[in-house]
Amino acid sequence: MSNLVKYRIAKSSALKIFTIFLAFVCVVPLIFILLYIIRAGITKINWHFLVNIPKPVGESGGGIANALLGSMIIIGVAALIAIPVGILGGIYLNENKKSRLAYWSRLCVDILQGVPSIVIGIVAYFWLVKPLGGFSALSGSVALAIMMLPIIIRSTEETLKLLPDSLKEAAFALGMPFHRVILKVIVPCGISGILSGVILSVARIAGETAPLLFTAFGNPYISTNITKPMQSLPLLIYNYATSPYNDWLDLAWGASLILLLWVLLLNIITKLTTRRWKVQL
Amino acid sequence: MDAPVEKDMMTRSSEIPMRVINSAKASEVVNTIKRIKRSYRQIRTENVFKKTLVIIGLVMVILVFGILLTLVVESLPSIKALGLKYLWGKTWDPVQDVYGAFPFLLGTLLTSFLALIISIPFSFAVAVFLGEYYPKGWLSDFLKNTVELIAAVPSVIYGFWGLAVLVPIVRSFESKIGVEPVGVGIFSSSLILAVMIIPYAASLGRSMIQMVPSQLKEGAYSLGATRWEVIRSVIFPYTKSGLFAGVLLSLGRALGETMAVTMVIGNTSIIPKSIFAPGNTMASVIANQFTEADKPIYVSALIELGLVLFLVTVIINVIGKKIISRFTNE
Amino acid sequence: MESTIIRSKNFNAYFGENHVVKNVNIEIPKNHVIAVMGPSGCGKTTYLRCINRMHELIPGATCNGEMVLNDEDVYSMHPIFVRLKIGMVFQRPNPFPNLSIYDNVIAGYKLNGIKLPKGERDKVVEQSLSRAALWKEVKDSLHKKGTFLSGGQQQRLCIARAIAMEPEVLLLDEPTSALDPISTSSVEDLLHELKTNYTLIIVTHNMQQAARVSDRTAFFYMGELVEYDDTKKMFTNPRDNRTQNYITGRFS
């Protein structure tokens, strides 16, 4: 009996140590990747790198200005589409918990979240690229907007769900019409939660490559016309990383570090806004 | 929808003029009319707003069905021409117009399940560590944030790193164990995928484990169970459906993951002979060949892959989400 | 001369900075029912949970002082031994939802990795369920899930689960507070019968219950053990003013 108990206690602590070990092994590859990219990318980044466009094969130097600008435009347009639709969608789901349309709508949001990004790329190709007669930044933005929607909708819904009903009742009791109650009382109260959802959605799509392959397509020059092909950071990394030229690989490492920093920054901002929001509640 | 508003307005407008008559000042009459107009406008805006919300709700449904419809319509030529043979055909040769998707189905299943098998012990360990052993404190904050970061790093960066660092390592490993040292292939893709999907099962598992009622755990402790026995006999059985859903959602991620896999899998359309051989997944074939596809049937055959991928991930996600919502409602 | 089974000396318990059990000295005789009563937040449940070391499972909870079971210090034993000897029944019935009634009763054996032959297992289940006065009601549905039972039946199942391990002491933490009156009386009747085999310590905030079921009563107030005496004496002629106030309902 006593030996059995001793064995069980030993087994319990051995498995605990094993679990802790496994849990922390997960961290190792991430740290490897981060360190490697910082080391490979940091020497490539300078002012010249940020304001110039890539040089052709054989010439060293060059930068990623076209990709930086392109990424900003594509993500900006995507956000312009996704933010209003997403927030209204979240409000709809929160206000109609029981209706049949809301059930299907919620299910579709869930489905949308799981759709592989490459599939969204194909669909955007048939919806926009083919009818408009060519690759365009706009079609890339639409593809990214579709990917942002579920995140914004869900975080808006979750935030609004946490607000007490008394708040809405108080506003209705003052004779405010529904849209004012929502837009002037409910949304402002939950704004930081909604905002963190928006930032998170931008963070998620900032590094997406697959939906842009057949939409924004890429462009070696600076372009600001959203109806024409446009370069973006992840596309540039993909194209140059799989090329055999050392100059281009260097460019891709620099671009990877910039993309990584940008995505990490957005994630940290999300974390901070969420924390702030929780404390407020 | 407009009818009740009109009626509402009539009662109000018939009320207010009564008051107007009582106080016979002209300016007040004007003011009252203004107020009537304003509240009428308010009610109209309210209705427009409510309708907009419904339309947005509808848009979500249309979006998903639109995606499905587009995929089905665009892959019809291939479905008609190839039928079910498409799924079991072992050769993919666009030049000869032979389209068999089996190598890619196999490649997708191999990479995803291998990745899942590698990642499960780690994601469960993270879930148990954060959910049971150390739910609070700086150490668990650190682990939680790092694991979340794993999900945040863009897939193209994993692919690039895999190509530059992991593939050479795998290559030397392969030459040591005596298989053809190509480096790129199913095995490398699975390793990268395994890292990428850890966060999904881990974070879901953690929240499920934290929901185990403490009375149940105390019940087992009071009978003399050790910590491990509580985890194995109370926490795991209680959360098994939730943990399963987490694994399912990770699988959905792995199946649809494109860029990282495309960059390290080697892109060959023949059936992989071993897990170290190069291959292709459904997503990586689409990424590689879609812009090169020059014949309508070729494009259509690629879209059909997208359709299969879409259907599989939808089914997996819906089942996973259903399990989770049933679990959280209990 | 009755023998003492549990003795605590200068026993203190804390939640972080909060001193919730203050300097408790108590001697608990064998094969008796001891009721621990007091207003909510007086530390009675915490004290109970200290006896079988469940208190330390809560993060930030600490305790000090002497707690002795059969001349052996509880806090120098491994908690598993302590919990095998001192069983516990909780405020809300907590049968394991994934196990059948049968498996719930022998859960203690399963969890402890003790393999019983089938015949003996059946015997333990039947004996424990009969002692818990549940056998007649469930003998035909032993392999149904325990959560299908009514609240009172679930609580008796939890008692059966605890006594299946043959503990020396059984701790009951407000075992009837979540139950209806009929279930309550069936659990109370059970306590009388269990007394012959076990020592029972029952926490209750219900004075009538304390008076009905116990041989001795301990009264806790603001973390202190105010009075500990024969139940009859305590309810008829309390020594302390605070006890007097409590049993006459002047505060709650």
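Residue numbering begins at 1 within each chain, and the chains themselves are lettered A, B and C in the order written.
Heads up, the rule we're going with is that a contact is a pair of C-beta atoms (placed from the backbone, for glycine too) under 8 Å apart; a residue touches a chain by one contact, two chains touch by 3 or more.
Only a predicted model underlies this, so the values are computations on that prediction, with no experimental measurement involved.
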Per mean C-alpha coordinates, the chain lying farthest from chain C is A
Greatest contact count: chains A-B
Whole-angstrom distance, CA centroid of chain A to CA centroid of chain B, is 13
Between chain A and chain C, the Cα-mean centres are separated in Å by 53
Dist(centroid_CA(chain B), centroid_CA(chain C)) in Å evaluates to 48
Multi-chain contacts in chain B, i.e. residues touching at least two other chains, fall at 226, 229
Note: chain A residues in touch with at least two other chains are 8-9
Two or more other chains are touched by the chain C residues 80-81, 112-113
So, in the complex, the side of chain B touching chain C is made of residues 136, 213, 215-226, 229-230, 233-234, 237-238
As the complex stands, chain C meets chain A at residues 78, 80-81, 112-114
Note: in the complex, chain C contacts chain B through residues 52, 54, 57, 59, 79-81, 83-84, 87-88, 90-92, 94-98, 107-108, 110-113, 158, 161-162, 165
In the complex, the residues of chain A that touch chain B are 8-9, 11-12, 15-16, 18-27, 29-30, 32-33, 36-37, 40, 85, 88-89, 91-93, 95-96, 101-102, 104-105, 107-120, 122-123, 125-127, 146, 149, 153, 177-180, 182, 203-204, 206-210, 213-214, 217, 234, 237-238, 241-242, 249, 252-253, 256, 259-260, 263-264, 267, 271
Listed in rising order, the residues of chain A that touch chain C in the complex are 4-5, 8-9
